[in-house]
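Following are the structures in question.
What follows is chain A paired twice: with chain B in the first complex and chain C in the second.
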Partner chain A sequence: MRTPFNYFAPETLSDAHELLEKHGERAEILAGGTDLLVDIRNDMKQPDAVIDIKNIEELNGVEFDSDDGLIINAAATCTEVSSHTVVRDRYPFIVEATSELASHQVRNRATVVGNICNASPCADAARPLLCLDASVEISSLQNKRTLPLEEFITGVKQNDLAPGELVERVRVPVEMADARGANRKLKRIKGHDLSLASVTMVKTDAETRVSIGACGPTPVVLTGFDASTDVDELCSAAEEAISPIDDVRSTAEYRNFMIKQYIRELDEELS
Partner chain B sequence: MREDTPQEELNYVGKGTERVDTTEKLTGKAKYTGDLRMPGMLHAAVKRSPHARAKINNIDTSDAEAIPGVHAVVTGKEFDYKLGLYLVDKDVLARERVRHHGEAVAAVAAESPGLAEQAVKKIDVDYEVEEPVLDALEAIEDDDKLVHPELDDYDYFEPAFSPQPGTNVANHTKIRKGDVEQGFEEADHVIEREYTNPNVQHVPMETHVAVASWKEQDELDVHTSCQSPFTVRNLLCVAFDLPHTNVHVEVPYVGGGFGGKAGIGVEPLAACLSKKANGRPVKLEASREEEFSLLPCRSGLTYRIKSGVTEDGDLVAQKMTMFWDSGAYADYAVNVTRASAYSASGPYEIPNAHVDAYTIYTNKPYGTAYRGFGHVEFSWGLERHMDLLAETIDMDPLEFRKQNALKPGSITITGEKIVENTGNVTKCMEVAAEAINYGELTPEEKKRQEETGMKIAKSVSALHKAPAMPSFTATAAELRMNEDGSINADLSLTEYGQGTYTALTQIIAEELGFPPERINLSIKGDTDKAPYDWQTVASKGLLMSGNACIKAARDLLEKAYQDASEVLRADPCDLDHNENEIYIKHHPEESVTFSELAVGYAYPTGEGIGGPIIGVGRYMAQGLTNLDKETGQGEPALDWTYGSHGVVVEVNEITGEFNILKVASAFDVGKAINPANIRGQVIGGLIQGLGTTICEGYAYDDEGHLLNPSFTDNKIPTSMDVPEEIEGIVIETPQIDGPYGARGVGEHPMIALCGAIGNAIYYAAGADLTHMPIRSEDVWWALHKDEDRDRPRYSIC
Partner chain C sequence: MQINLTINGNEYSREVDEHRNLLHFLREDLGLTGTKEGCGAGECGACTVIMDGEPVNSCLVLAAEADGSEIETIEGEASEGELSDLQQALHEHHAVQCGFCTPGMIMSLKDLLRRNSTPGENEIRQAIEGNLCRCTGYEQIIEAVLDLTGQLDEREELKYA
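Right, the complex of A and B next:
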C-alpha cells in the first residue's frame, strides 16, 4: 500500500450509493480488488475512499431464469460464474473464457463485472458477453440506467461510469442460451498470461457473432452476420474492425494473422 | 578422494535419502531473512533512477528528512568507495552519474515500509539526461561515450582479468590454440554466423533482503539472503575498512539464488542506513520489480562463430568472438566472460581455436552470475551452429557431434588433456538419443502428427561446464561429537535449495558409519561460528565440501580412535567401530562407546582423558592455474561435468506455436550421491532452461527504459509449460578427486537445452532461429523471413 485510503464496507446498496456520492471522483469500488489494488500499489490510482461491495447481498451471486436470462451480479467471482451449473450447461464458452482469465488464485477473487469495469482491451470475460449482447445495469443515488456492454467499455481502461455510479450486474438475454461458442487466446506461455490477441465466436442457427480482444483500444464485436456467412468475409470484417499495435507483448502483424487464423479455426469447429 | 567401494557396500551414499530440510520447509518452520523482526527495526526504501544515463546535478533530501519517523536518508555523496569482487567498479549509491535505469540514487530508513516509500517520493533528484549506450557492439567501438571514464583507476584481480581503460571494455579474455587461419585453409567449408541472447532475470522465489545493525564500537551484524556469507563479510570489511572480527554475517534459510545472490547485494546499503540511524536495525527487502533492475540480471551475449569443417566431418578450426553486454557494472560479468571463453567450444575438440571474449559496459541493468555462468547463453549459439555445420556437409548432427566430441587424449582449447576419468560425453549423447528414439518417429508420434497436423522433430545437444572459480579456492568443514554420540557439523556452503546438505550428510554418515539421522548439519550460515568457504556457486559445492567433510570425518574418527586406544589399551590399528562403539577387532566384546568418548572419557575412578571430539577437514582445489593472458593456456577446471539433452518437439507450421513433448537428459555425475536429489536438480534446471528458451528476456525502449520489469510482461514458465515427459539419466564415470567419485551437476541441466529445442524446431518447421527466446511469434517470423519484414521494435533484445 503506497497511499493511505479509507476503507468502507457498506452492507446495503443505498449506503454504497451514499458513499459514492460523498466521495465522487475520489472513490474507487472494490469487488475482487485484483486490478484496483495493483493499480494502487503502482500509484496508478490514489483514491481517498475504497468502497468494498462484497457485503451487499443483492450484488452477490449468479442467477438464471427463463424470462430474465443470465444475471451476473457485481460481486460474483470468476470461479463462481464458471462453476455455476446453468452457465456450465448453457453458456460453456463463458466458462472457457473465464477459466483462462489470470490464475486460479486470482479467479477465486476477481469478479466478472470487475473485469468488464476495468475495461482492458484484453479483458477475457468481455468477449463472450459482447457476443451474447449483454447489458450493464448501473445505478447511483438518484438514478438507474441500462447500457449495452459494447457502449459501456469506451476506451483503454475507460468505462461509461460517472462519479457516484456503480455497476450492479450484467444481464445476458435468454435468447442466446444454448448458442454454440468457443474461444481462442494467444499467450506467451501455456500458463496464465494476458491475452495477446483473442477471439470468441458464438453461433446460433441464425447468426454468427465474433468478438476480438487485445487488438484495439476496446474489445470489439462483429454482429449482423448470418450463420452461413463465409469465413473469408468474417476475416475481412475482423481485419477492418481491429487496430492492433506493436508492443512489448506482440506485434500488429502477428496479432492480425492470429486473429484470422483463430476465426478460421473457430468457424470450422462450430460449423 | 574416490573410494572404489562397490555400491553394495555403501550404506548411505547412492541412496535417495529424504532431504534434510523437508519438514522444516513444508511446515513453514523454516525461517528466512524476510521473516526476521527485531526490536526497533526500521524499513528501507530506495530511490531509483528513471533514466538509463544521466548526470546527477543535485539531490534534495530535505523534505524526506523532515518526515516524522524517517531516521536516515543517504545519497551517494556519503560514500567515497566502490564495491567489487573481481573488478571494483560499483558505487553503493550512484555518485555524480547514473548508469542504468533502476539504479539506486538515494535510500531511506523509516519506521514502516509505507513511510519509507513516502519519504523516497519526497526526494528530488535533478538529472541531466544523456543519450545512453545501449548496444554492446556499438559500445565496443565507441571510445567517446564511455560508461566508466574512470576505468583506469579501478582495482581488479590482475592475474585473471584485462580491463581496457579508455574504452567500454571491462575485460578481454583471449584463448589461442593452434593456428586458426591455417585451419580454415585446411577446411572444405568455412561457416560463420552470429547468435544472440537477451538479459534474463534469475527470479528467486525470495527476493534480495538483508537486515543490518551497525552497533556500538563499529560492530556490524548482517542477516542476509545470500549465497556466500564469507564473500559478503569480506567485501563489507574492505568497503567499510572494518576488521573482520567486527563484521558478523548470518544466513538463515534462503529462498533461491541461481547466481543472483552469489556476490554482494543489498547488504552495504542496509548497513549504511543502520549506521546513519544510530544503529537501529534496518531491513532492506527488494520488491519483485526491484529484482529486475535495481539488482543484477544475466548479461546479454552476441556470439559470433566462424568454423572450418572438412567433408569428412572434422571440425578443424573455430574462431569464436563473444560480446558480453555486462550493462552498467561488470564486477561479476568479467568472470562470466572468462569462464565462457575457456569453455567456448563446448565439449568438442578443436585443433585450431581462437577466442576473443569481451565484457562490454552499456547503460543497462548490470549482469552477474546466473546458473550456467555464461554456458547457457553461448550453448544456444554453439549448439545451433553445430547443426548448421552438420547440415552443410550433409552429416547427421549427432554423428557429427560424436565424431568431434572430447574423449580421452583430447586437448581442450586451454591445453588441458582429457583422461578416462574426466567423464564421457559421447555416452551421454548416446543414452539421451536412445531415450527419445532419435532418428525416427515412433508409431505413436506418427499418429499424433496426423491427428494434430503439427510436425514432430527431434534433436540432441551436448554440453560441458567446469566450476568458474579462483585457482586457489578452498573450503573447510568441522564436525563436533555430542554427548550421545551424535554429530553437529558446520560448514559455510549455503543451502539455498540445491540439496547439497543432504548429500553432504550422506557422505559424513558413510565415512563415520553412523546413520544420517545422527548427523546435524547446521543449515544456518554464520561467519562467527562456522569455518570458511569461498562461495556457494559454480557447481563446486559437492566436490569441494564433500572432500572437506570426508577429511573432517576421518579426523574425528582418528581422534576417537586415539582416545579409545588408551581406554582399550590397544593400538588404533587393532580397532574397528560400528554405529555405537569402538572395539578391538579380535576381541569385539572389549569396547568403548562413542557416547563415553564424546566429550572426554572418565575412568571408574573419576580420572579423565581425551576431551571433546572434534574433526576438522579442509580442501583446496588441486592443480588449477591462472590462464596465460595472451594464449589462455592453463588449467582452469576443477572438474568437467558432461551432459546431453534429447528433445522431441511438435511445431505448428502455420502459427509457429510449438510444444515440447519430451526432454531426456543425461549427465556424467561421476557418482550419484543422492539420485533423488539429482532428479530434482535435473527437473528444476530443465524448467529454468526452458524459461530462457521459450519466454524470458528484458525488453528496452530507445532510451534504455526497461519495458517489462514484472511478471506481467516478463514471463517465466509455469507448471503448464513443463514438457509432457522428462527423463533424467545418470552416467557414472568416477572423478578421481571427487568424493566417492562425484562431481557437481547443479547448473548443467539448464545448459544447451535452448540449442536442442532451436534445432528441433528447425527440423520440424524450417524456422531458422538465431535469437533467444523462442516464442511462437518468433517461430512465425522466422517462417516468414523471406518476405523481408522488420522485427517488432520493442521485442526482447
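Right, the complex of A and C next:
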C-alpha cells in the first residue's frame, strides 16, 4: 500500500455511518477488499479512512424468507452465496455466475455486493441479479433508501452512492424464486479471467429477461419480453441495447457476434 | 495497531501499520518469506495462504483484517527436515521448476485435499485456476496430486511424461 490510511472495523451500523459521515469523500468501505486494495495499491484511490464492515453482524450472511425473498447482505462472500442451500436450490444460475467470478482465493474474500458496488461493466454477479429485478438497500446516518440495481450502477466503475452512504444488502423479490436461468461467459482461458462478453438469461412462465456484461459502460438488462418471444427478436433487442468496444480483450465485432450466439444457445437450453 | 494471530500453530502478537497487507506482514515483519509476491493484485496466486480454513490471496488482505485469525503458510508444511506428503509428491513428479508459484500452489492443493480426498483431473485444475505457473509445469502438478491420492495408473503417467 503506497498511501497510509487509518483502518476502522466498527461493530455496529451506526458506528459505521458516523465514520462515513466524518470522513466523507476520504472514506472507502472495505468488504472483501479484492477490488479496493488493488485500487489503493495502484494509486487509483487514496483514502484517509478504510472502514471494514465485516464485523457488523447485520451486514453478514445470506437469508431467504418466503415473504421477503432472497437477501444478500453486504459482507456475504461469493463463496458463501454460492454454497448457500436455498441459493443452490432456487437460484442455481446465481451460483453459476458467482462460481465463475475470478479464482477461488478471490471468491473466498470478494463479496457479491462489492462486485456490484465496484460497478465494472463485466461484473459477473450483476447479471443474474439484474435479471431477477434485484434492489439495493442503501443507508447513511440520516437516510435510508432503496434503488433498483439497474439504476444503482451508473457508469464504468460508478455507482449511485453518495459520500456517507453504504449498501446494506441486495434483495431479490420472492416472485423470481425458481425461475429458470443460465449463464454464458466468454473468456480467453478456462480458468480465472475477466469476461470478454457474458450473458445471463432468465425465464419464468410469463417472461424472458436477458442481461449482458462487458458490452457497454454498464451491464445491460432487457426486460418486458413475454416468455414466447422469438429468439430473433431478443437478438435484435440485444444488439440495440449494447455498445461494445474494441479493447485489449476483444473486438466489438466479436462481442456482438458472441452475444447473439449465446442468446440463441440459452434460449434453446431454457425452452 | 496491535494484532494477535496464529500462524502455523504459533501465536504472534505484533504492532502493525494499519495499511500493511498480510503478505508484507508475513514476509517483512515476521521473516516468513516462503509466501511470494507476484502480481500484488489477486491474479497470480503466488501469495496464497490459508486463512481460517480458506485459501486467500494474502496481498489482498490487510494484516489488520487478519487479527484473531488462524493462518497457514508454506512454512507449516515440512516438519523436522521432512517434506510433507504433498511436497514430497510434487518433488517426485518434478512439479517444481523455478519454484516461485509452489508455496501458493501447495496452499490451494492442501485446501482441495481437505475438501476432496480423491479429486479428479478437472477438480485439480479448478483448484489451481488462481495459481499461475509460468514454467508451465501444470501437468506435473496434476500428476503429483493424482499419484498422492492413489489415482495415477501407468497409462496416465505416460500421458503426463
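By definition in this document, the second predicted complex is superposed on the first by the 271 of 271 C-alpha atoms of A that agree within 3 Å, B and C clash if a C-alpha of one lies under 4 Å from a C-alpha of the other, contacts with A are read in each partner's own complex, and residues count from 1 in each chain.
Keep in mind that, in the parts below, contacts are C-beta pairs under 8 Å (C-beta built on N, C-alpha and C of every residue); 3 or more make two chains touch, one makes a residue touch a chain.
For clarity, every value in this text was computed on a predicted model and none was experimentally measured.
Novice: Figure out whether A:261 sits in contact with chain B (first) or chain C (second), or with both, or with neither.
Specialist: First partner only.
Novice: Give one of first, second, both or neither to describe whether A:253 is in contact with chain B, with chain C, with both, or with none.
Specialist: first
Novice: Is it chain B or chain C that touches the larger share of residues in chain A?
Specialist: Counting contacted residues of chain A, the larger count belongs to C.
Novice: Could you tell me if A:59 is touching chain B, chain C, both of them or neither one (first, second, both, neither)?
Specialist: In the superposed model, A:59 contacts neither chain B nor chain C.
Novice: Does chain B (first) or chain C (second) touch A:188, or do both, or does neither?
Specialist: A:188: touches chain B, not chain C.
Novice: Figure out whether A:134 sits in contact with chain B (first) or chain C (second), or with both, or with neither.
Specialist: Neither: A:134 stays clear of chain B and chain C.
Novice: Going by the contact rule set out at the top, does A:6 touch chain B (first), chain C (second), both, or neither?
Specialist: second
Novice: Considering each complex separately, which residues of chain A are in contact with chain B in the first and with chain C in the second?
Specialist: 1, 4, 190-192
Novice: Sort out for me which residues of chain B touch chain A in the complex.
Specialist: The contact residues of chain B facing chain A are 114, 117-118, 654-655, 694-695, 699, 707-708, 712-713, 715-721, 775-777, 780-781, 789, 792-795.
Novice: Which residues of chain C touch chain A once you look at their complex with the stated criterion?
Specialist: 1, 17-21, 40-43, 45, 48, 54-57, 59-62, 64-65, 108, 111, 125-127, 129-131
Novice: Which chain A residues qualify as touching chain C in the complex?
Specialist: 1, 3-7, 9, 30, 32-34, 37-38, 40-42, 50, 52, 54, 79, 102-106, 108-109, 190-192
Novice: Using the touch rule from the top, collect the residues of chain A that touch chain B in their complex.
Specialist: Residues of chain A touching chain B: 1-2, 4, 186, 188-194, 246-251, 253-254, 257-258, 261.
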